[in-house]
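So that you can tell them apart, the chains are marked A, B, C and D in the order they are listed, and the count of residues begins at 1 in each.
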């Protein structure tokens, strides 16, 4: 593993600025997006422009944060699994100490469990400071599992991960119980900006959101998802900031809501499963550190504050791209024209490179 | 858009070789993985090693391929939507000509539709040669939609995309109706390799797969997904080969199956939604072209053959990583020890960088 | 099995009349509901009253019908499963003859399949005349499976039912591929009826439908479902007409849509998975026959027409109850007051019994 | 509403006895099943026979119970919704008192919430004694909602039910957070009984369960469901005991697990969402009271004990039918032969009636 690795150089641009306010950060910042899909840049850019034309910009409210890992144990039978679950509930303080003994940053903040047949899935919830926390949670869960196997009668090792966590899989549990940062973003777009910049009306966006994002995804058999393309923006900013971008799988499960407020457009994106960190794997690479610094996410702050700042910037970026695409799709042919135009520009650009 | 962009340099390594056979390609090839998660390389590497110790290596069978886009139209009422749907069915040949008129490579191969209230979702299916086909499908759907709006009475524009496609969202429809390449990979691991290289037994892997991948994901509220971490391998190879990596969202929805065959381990990964291409967006970048060439995916072949080759290589890579991780999780503590060791190596390595 | 059985006497009432039009039936009919939940009667009754105040009443459009059964076969490997699938596709006419040879009423109208690992799921689709068709489909699938096992190389018996049908389970496949009758109902409620009978406004119903049925169900991790209580009405009419009421599981997966049309309320319920029949199991019991006759579903008609008539009556009944409950829930406290009042009436009534 | 209603007479039989043990009841009891599907009786009967041949019979472990109702409130914005959620968490004791003030039996035992945009869904969890608790939960939630609207700033009425409860809809939330009784049943079938009574082997049942219940349902796009036909048994016993049978929608979401233990068959059914009660709606009807009494569910016991007894009897009945059907489906043709035979008997029987 000491062999020097090569580099996959993904094209990256800064777009913006985006205006952000809310319970975590008040800022105007450009955001970096690394992607092979060049139309993403002007699309997010248009949304960012809209944010600058709204009084408070995008109001981002962080409502929860936790990282999770579920272990699986096999019990002699269901009754033993049930008894084990009750023991685990009763010993929460003890388990918290186990975690404190193996990590400076991870803190056990919750435990949930579910029994099926003689199997017991235990889902540990941690706060993990500025790290996204995958490894911290695994390390702590390994210690917790060892402790449980030693002290709870009638159970044996099943798996260090029981897929009840759930990492990088599309499920319902993360939204319902929480995993990662849960951020709600809201933007009130004045009527003239809706018309002038987005070339649409609030009523049209509301109607499209119901039909495409809510109904269309439902008919496709979606799970806890109602949006046009969160995954695109998440991938772009995750790659640019050294995140584990495979977490876009659950990150993309979020909900866009829109309201026509007398011609103004209330537009909101809720991202319940944002997995981001400003320290840990993927960080330490020079361009990543540069990007995080430019985003203001490497300052000396209380643990967790930089990661929360990154979370709201990420969520605001998602809103920018979502708003822009939805607005475009309200108009027949606009998306295609934009793509064709961009492809042409892109070709020019590549010659420039 | 002519401003020069920067580069996000993702660490990339080639691992392998992987032995592959099946209905698309017979080859032994190294595979490139671009990722911030360095443990992925040795994990996939171990699976690759196992593939070299099996007679036919990983047998990869491509069973379907198509790219899709759904448009949404609003009808006067449900009866009109129903009549429109029947017209669309009856005019398939005409619609195929519309597509031929706007694209050299896209071919309309199927149409499905669903009605809710007065809304009609029409899902077009295309073959798209060596391209993953997002843009081709959008371009063709734009033409089809315009044609329908002009010729079918009682309908009006809803959206160029109705989320019934479904692109980069976790849903059930792609697996059921098909989207991207559908590849099944199988590997029969001899008993002594299970023991000697994977440090486990077939019975343990089978049991873990049922409990973690099938049951654990089910309890988490998963949708058409039963695997440990397909998303990781997909991200790595997608970034390394210029794919639109946001497609790991649906790509990660696949199923791992395992059987204990008298101590030998039958291990299979089915990926119904592999979106890959060897031409189009993301291609043309020098390192991408180099990687595709080294994978043998830039040869002069009939349209679609290079993309299919890339699909089976991708699927085989997924199997390598999945097998290795599952084997590790059958043993208490192994995953943690491996991570800790790798982190240490990684730190050393970074110093080297 | 010749022992005389007892009777579970479920309270049953006729409510209505409901006005229905559309592509299957134009009628005004009372509908029978058997239920322990007495508030259901006045709730559906209010919706029925609204239907009588709309010019065309409830417009019910049947857009599809089929009954399905999936068999499961194990193949030697994925390649053999793939070859088997292609053989099955190629031999559709032959398979149709197999079905004709074992049933007078069942007709094979489609085949879909999916491969995972070395397993092949084959989903047969039948038209089944006036029967809901469970047994007919099983009988035909049994013959088809035997035929395939005898004539397709490399496959062996897996299961007569592979849960890919899907019967009485909540899944996405039935809505996407079709199972049972697919009926869309629409009702345009004039503004003064919205106010006078439903005590609400179109805008309020639209808003509640988006927030509760579409968003609330999504957040709960629902699958292809957006309604308040289809299951209640389905159970009531299924029991009253001799249906296999366990089919409310998938029957309840449907979508309510609402639009504010200048103060008038456009209200629509789409039920893609209505499993109903007018002959077969559960029929032949005197009160069932009486009910079916009173609904006009035992007339001498072409095969399938009575069942289709029952389907649209059932769907219209669902709309009545759905509209009434949603309207009630737009007003704080109304639901509770109604329940309390009804409980009081119910007690009085029971004394009367 | 004082008009006398009619009766829908559903055929009903008692089958058994079933042997049950576990943390709630130790008993041997016959069970009543009301159904139009006569094959259900001998199918459950065979499973019951197997239970009598196992030492402890079916071991039923109740692991959780609660009834829920979610209300929906609209906040001025997401920040206000977040503040409201925190207030609700902080005032749990106060809310509990509100519930105590409006119900003798309902007790508030938990509150969960989720925010999307400016909407706040609050899910109240109650213990409800021997009642299934729908009405009790609605009554209490009505009081809680009124209290919140009066005391928490910035929120207004959305809905008394936000579909985040979730009642009679197939979702993931009920299994994850709990709703109704959560009962795990286990049966260890001795090898000779597997062979002699079930005409199969443990290995065959295990294999079929993985392929059909776990994999087949997954491929169909199922949500938290892996069983063959829980809905059938639930419907039968729900109708026979005066339950709100529309709750089979979520009741049917459960998981069958099987293990081959040296030729003995470990067979388990987990039903996380069993909604049953022994008092309340549907009770008071003479045949229902007779049935409940014969099941031992009307004794003078602490509140909740009769309902818990009914829950484990119901769950054990589900296991009987599930085991019997799965065993039958391991053998080609057996299901069809059984159906044909039963249909013939049924015809004879009907003549007898």
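FYI, a residue touches a chain if its C-beta (ideal position, glycine included) is under 8 Å from a C-beta of that chain, and two chains touch if they have at least 3 such contacts.
None of these values were measured; they are calculated from a predicted model.
With steps allowed only between chains in touch, the distance from subunit B over to subunit C comes to 1. Centroid distances from subunit A, each centroid being the mean of CA atoms, peak for C. Comparing chain pairs A-C and A-D by the number of C-beta pairs in contact, the larger count belongs to A-D. Each chain gets one centre point, the mean of its Cα atoms, and the points for subunit A and subunit B are 21 Å apart. One simple way to say how far apart two chains are is to compare their mean CA positions; for subunit A and subunit D this gives 35 Å. Of all residues in subunit B, those touching 2 or more other chains are 114, 116, 119, 171-173, 175-176, 215, 219, 221-225, 255, 257, listed in ascending order. Taken together, the subunit C residues at the contact with subunit D in this complex read 1-14, 32, 34, 36-38, 41-42, 70, 72, 74, 114, 116, 119, 121, 135, 138-139, 142, 145-146, 149, 157-174, 176, 208, 211-213, 215-217, 219-225, 227-229, 231-232, 234-235, 239-240, 242-246, 248-249, 252-253, 281-282, 284-285, 287, 329-330, 332-333, 335-336, 339, 342-343, 345-346, 348-350, 352-353. Within the complex, the subunit B residues that touch subunit C are 22-23, 59, 61, 63, 77-79, 81-82, 85, 114-119, 171-173, 175-177, 182, 184, 186, 221, 223, 255, 257, 268, 270, 272. Listing the residues of subunit D that touch subunit B in their complex gives 172, 175-176, 210, 214-215, 218-219, 221-226, 255, 257.
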